[in-house]
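Both of the next two complexes hold subunit A, though its partner changes from subunit B to subunit C.
Presenting the complex of A and B:
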C-alpha cells in the first residue's frame, strides 16, 4: 500500500464527510433550535437531486441545476414547515417521528408519480469532468476536489451566518431559550420557517452535488439520512461545529475502514475470508465509533444538553 | 401501493363482461414500488404482453406489489394461495424474496415459475418438481463474464461485488470460468453509493481489467464515478447493471462496456423480433431483460396449458419441462434441475440515436446449464 493510495483515500473520506456535513448541518439546526426530529430530511436531499436533474436536462446547464436544487428544496422545506411541521413543535418526539415518516412516504410516492420509477440522468459538468494530477502524483477527479472546496465554502458561510449576523444571534438565542426570544419580540414563526428552509436548501444542495456522481432515484435520501443522524449524535445534537467534526469523522472512518480493515485482516487470515470479514466489520465501523464517542461523552463531542 | 389487475383475454371490457370465467388463476408477486420498481414493472409488462397476445379468455392474473420486502412477499403468497386460490405463482425479482416464498409455495402443491431470481439453494438440494426457473440460474451471467474474461485474454482482473449472498455467488461464479489471476477482490456494502475508495484501489492494484456486479442504482453510481476517475481499464459485468432502464441514467459513462446476458434486443430470432416490436408499440419504451424473461415465462406457461390441465400435476409438470415454446432467447430447454440450458452472450453498450442500448458482440458460453444439476435429487 503506497502513500499515494493512502492520501487519495484520505481525500475520498474528506469529500464524503464534507457532503455529509451539508445534510447534518440542517438536521442539527432543526433539532437544536426547534427540538424537532425530521426524518423527512432525506426526502429534501432527493428533491434537490431531482430538481437539479430536471433543470439540467431542460437547460443543459449544471449551474442552473444547482440553483433549481437550492430553490426547489428550500421551497419544499418551507412548504412542509408551514403545512405540517408547524403543528408538531409542541408534540412529543414519537408524534414527530410518525408525521415526518409519513412525509417520507408521501415524497417518495409523489416523486415516483411525477418522474416514474427509472433513475434520472444527471452528469458532472464538462468543465469539471475527468481527473487532475495533484502534487505528489495523485490522480484525483476534479469534480470531487470541487465538492470538497464547495462544501468547505458552505461551512465557512454557515459559521459566519451563525456567529456574525443578526439572524445568527436569533438562531443561537432560539437554541437556548425559545420563550425568551419570543418575549423579546422576535417573530419566532418566521425564524422557524427560515431555519427549516435553510436546512432543506443545504440538503437539496448536497443531493444535487452528489447526484451528479451517483444515481438520482427515489429513495436515495434514506441511506444518507441514517449517516446524518449518526453524525449529529457523534458531534452533539444542535451544534454546527459538532456536525462538521462528526461528518468528517464519519466520512473518514467509513472510507478508510472499508479500505484498510480488509488489508489488516489479510495479515492473519486467508485473503477471501479477510475480504469478507473486513467488509462486514467496516460497515459497522461508524456505529462502533458512535458507541465509543457516546461512552466517552454521552452528549456527543460538542453537545451541550443531554 | 397495491395494484390488482384482472385480465380475462386482452380487453378489460371483455373481462368485465365475463366475470368469473377464469379456469386458471395465476398469482404474480413482484416489486412495483420502491427502489427496485422498474424491474418488477418490466417483468409484469413482459408477462402481460404475452398473455394478451395469446388471446386466452380463461386465464386470470392477480398482480400484487411485494415492495421488495420478504415479509410482504410471504403474506401475499399466503393470501394468494389460501384465499385467492391461485394455481401458479410467478414474478419475484429478488433472490431473498424467492427464498422466503418458493419453498413454502411448492410445499403447498403450487407451481412456481421464476421470471428472474434463481438462487443456488433452489437449484441444488432444494430443487423441486414444481419449481422452474425460466430466467437462468443466478450464477450464469457471472460465469459468462468469467468465460469472456478468459477469452479476451485478461490476465489480472480486479473483481468487486456487494457483501451479500448474491454478491458472494457472483464472484464465485466469475472465478469458476476465469483462468487468469486476481488483482484484487473487494466486497462493498450493499446499497453503497460512493465507490471512490474502491476505484482508488483498482488504480493502485495493477489490474488489466475489472469485473463488477453492482445491480440497480449501485451500478449507476459506480459507472459514473469510474468514467470520471481517469482509470480506463476494460470493464466487464453481468447484464443487471446495463439494463435498458439503467443505461439512460448512466449515459456516456457506460459506452463500450462489455456485459454478459442471456438475452439482447438484437438477438436474431423471429420470436424476439415480434416481442421487441410489440413491447415498444404497447409500452413506448425498449424492453429490458426482465421484460424478456417475463414474456418467456408467460409463453412457457401458456404452452404447457395447451397440453395439460394445471390440475394434472404430473402432466402439467412434464409439459413445462418439455419447454415447447418460442423463446425470445432462441434455443431453450430445461436441465434436469428445471433450470435453463441456454447460451450466454457478451453485449457491448452502444448508442442508437439518442438511446443507449446493447448489441451482441460474442458468445461467451454455448448451451450452459448450471453448476448444481448433480446436487438436485428430484
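Presenting the complex of A and C:
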C-alpha cells in the first residue's frame, strides 16, 4: 500500500464522481424545477454515448463525436419532453415512474434494433492517450485527468449559468413559484423544454466521455442512473450543490471502497476470505453511506424539503 | 354483485379452467406459462398491499422476490449437497421441503422489508421511490459478489422441492399449489383492505394529518403494510425459484421491480385483481409478441406509455367501469 496507489485511486474516485455529477445535475435540476422523476435519464446517457461512437467512427474525430453526443442527447431530450414528459408534470410520481420506465424500454430496445447487441468502441483521442506525470512522480492517464478537469469546468459553467444569467434567474424562480413567473411573462413551456434538453445534454456528454474508457452498449445507462439517484438522495433533491457533493462522495466511496476494503480485511482475516468479504461489503458501501445520511438527515445534506 | 366482482370471478374461473384444459390436452408448456403468470401475480399482489392501499410506490420489491428465491436456493443447495447450513452454535440442515422453505422465505423477506421500511419510510414521495430502487441495487450487487452461492452465475437446483402429499414434478400439481397461494393472498388482501388496519392505512395515504390527529401513527401503519407486502412477494420468489429450479442475481434486478408496478397499473390501480390481470396479460404478450418480434419490449413500452398517458384505470377500469370512490 503506497502513497502513489492511494493518490491514484483518489483521482479515479474523483473522476467517476465528477462524471456522476453530470448525470445527477440534470436529474436534480429536472426534479427541482418541474417536480418530475425521470427514470429515462440513463437512456439519454446511452444516446449520447452511441451518438459519439457513431460520429467518431464516421469522421475519425473525437471532438465531433462529443458535439454529436451533446446535440443528439439534447435533441432526444427535447423530443421526449415535447411528446411525453410534458403530459406528466401534473401527474403523480407513480405515473411519472411508469411512463419513463416505458421510455427506457423503448430507447433500449430501439437502440438494440438499430445497433445490435454488440458493444461499440469509442477510442480515447490520440492527443489525450498515454500517461502523464504529475507532481510527486505519479503516472496517471491523461484522458482521465482531462475528464476531471472537463467535468469541473462544466460544473463551474453550470453554477455560473444558474447564479448569474437571466435564464438562471428564471430556473430558480421556476423552482419556487411557477404560476408567478408565468404571470410575469416567461414562456414556461419553453423554459421546461430548455431545462430538460440541458439535463439531457449533460447526461449525453457524460455518456460520451465515459464511453471512451468503458464500452458503449445497450443498458449502460441504468446502473449510472441508479448511482445518480443515490447521489441526489445523499445531496438533497433539487440542489445542484448537493449533487456535486453527493457525486464526489459516491465516486470516492465506491472507488476507494473496492480497493481498500479487501486490504483492510486482510489485516485480520485469511486473504481469500478477506477478498470475498471486502468485495461484498464494497459493493454495498455507497448504499450504506446513503442509509447513514438518511438516518442523520432524511432530506439529504443540502435538501430543503421532503 | 358489481361488474368488477363478476369480472374477478371470470378471471379466477379462467385461471382454474385453462390449465386444466391444457393438462387434459397434454400441453405442459401452457401449464408452465400459467404457473409463471400466477407466481408473478402473487408477487404483484404483495406489492399491491403497499402500493394500492398505502400508496407506497416501492421500486425495489424485487429485493423480497430475490430473497425468497435465494432462501429456496440456499436451503435446497445445502440439502442436495448433503452439507449442513450451519454447525455452530446449533446444527441447521438444508431442506427440500416446500413448507419449510416457504416459511424461511417469508420470514427472511419480512425481516428485510422491516429493515428497509424502517429506513426508507422516514421519507416519502420521490425520495422513497429512489431509495427503494437503491436498496434493490444493493442486494443485486451483493448477490453478484456472493460467490459461495454462485455469484453472478446463480445456482441450479436439480430436482424440484417436495410438498407433503403431492408430486410437485407434475406441472398441474405444482400449478395448483401456486394458484392456492395466490387465492389465499388475494383473500388476505381483500380482508386486509376492509379491516380497520386497511382503512387506517388508506386514510394515511390520503390525509396523514387527520390520521395523526386521531392518534394513529402513519409511519407504523406503513411499516406494517410494507413488511406484510415484502413477505408475500418473498413467498412468490420462493415459488418462482422452484418453477425454474434456478436462482440468480437477476431476481433482484430493478427491471423486475419496475415490472411488478407495471402489472398493477396495466390491470388497474387499487383493484383487488389488478395485479393478476396485469401479470397474466404481461406473460401472454411476452409469449406471443416475443415469438413474433425479437424487439417486443418496444411494443410493450409503447403499450405501457399509452395506458399511462391515456387509459387510466387499466384493463379492469376499461371493462368494469370506474372504481368506487375508495378502493
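Just so it is clear, the second predicted complex is superposed on the first by the 306 of 306 C-alpha atoms of A that agree within 3 Å, B and C clash if a C-alpha of one lies under 4 Å from a C-alpha of the other, contacts with A are read in each partner's own complex, and residues count from 1 in each chain.
We adopt the following convention: a contact is a pair of C-beta atoms (placed from the backbone, for glycine too) under 8 Å apart; a residue touches a chain by one contact, two chains touch by 3 or more.
Keep in mind that what you see is a predicted model, and the values were worked out from it rather than measured.
Visitor: Specify the outcome, clash or fit, for subunit B and subunit C once both structures are aligned onto subunit A.
Guide: clash
Visitor: Quick one: classify A:215 as touching subunit B (first), subunit C (second), both or neither.
Guide: first
Visitor: Between subunit B (first) and subunit C (second), which does A:109 come into contact with in this model arrangement: first, second, both, or neither?
Guide: A:109 sits against subunit B and subunit C alike.
Visitor: For A:86 in the superposed arrangement: first (subunit B), second (subunit C), both or neither?
Guide: A:86 contacts neither subunit B nor subunit C.
Visitor: Once the structures are superposed on A, label A:266 by its partner contacts, choosing first (subunit B), second (subunit C), both or neither.
Guide: Neither subunit B nor subunit C is touched by A:266.
Visitor: Using the superposition on chain A described above, determine whether A:8 touches subunit B (first), subunit C (second), both, or neither.
Guide: first
Visitor: Look at A:241 in the shared chain and tell me whether it touches subunit B only, subunit C only, both, or neither; answer first, second, both or neither.
Guide: Touch partners of A:241: none, neither subunit B nor subunit C.
Visitor: With both complexes superposed on chain A, which partner does A:172 reach: first (subunit B), second (subunit C), both or neither?
Guide: A:172: touches no partner chain.
Visitor: So, A:94: does it touch subunit B (first), subunit C (second), both, or neither?
Guide: A:94 sits against subunit C, while subunit B stays out of touch.
Visitor: May I ask you to decide whether A:280 touches subunit B, subunit C, both, or neither, giving the answer as first, second, both or neither?
Guide: In the superposition, A:280 contacts both subunit B and subunit C.
Visitor: To test your reading of the overlay: subunit B has the stretches 7-15, 25-33, 43-51 or 79-87, and exactly one clashes with subunit C. Name it.
Guide: 79-87
Visitor: For subunit A, give the residues common to its interface with subunit B and its interface with subunit C.
Guide: 108-109, 112, 223, 276, 279-280, 283
Visitor: What part of subunit C is in contact with subunit A in the complex they form?
Guide: Subunit C residues touching subunit A: 51, 57, 59, 119-120, 122-127, 129-131, 133-135, 137-138, 141-142, 144-148, 254, 258, 261-262, 265, 269, 295-298, 300-302, 304-305, 308-309.
Visitor: Could you list, by residue number, the parts of subunit B that touch subunit A in their complex?
Guide: Touching subunit A: residues 1, 33-35, 37-38, 41, 163, 168, 185-189, 191, 193-194, 196-198, 200-201, 203-204, 216-218, 220-221, 224-225, 228-230, 245-246, 248-253 of subunit B.
Visitor: Which residues of subunit A touch subunit B once you look at their complex with the stated criterion?
Guide: For subunit A paired with subunit B, touching residues are 1-2, 4-5, 8-9, 12-13, 15-16, 108-109, 112, 117-121, 123-124, 129-131, 139, 141, 143-144, 210, 212-220, 223, 255, 258-259, 262, 271-272, 275-276, 279-280, 282-283.
Visitor: Tell me, which parts of subunit A touch subunit C in their complex?
Guide: For subunit A paired with subunit C, touching residues are 31, 37, 39, 84, 87, 93-95, 97-99, 101-106, 108-110, 112-113, 222-223, 226, 229-230, 232-233, 237, 276, 279-280, 283-284, 287, 290-291, 294-295, 298-299, 306.
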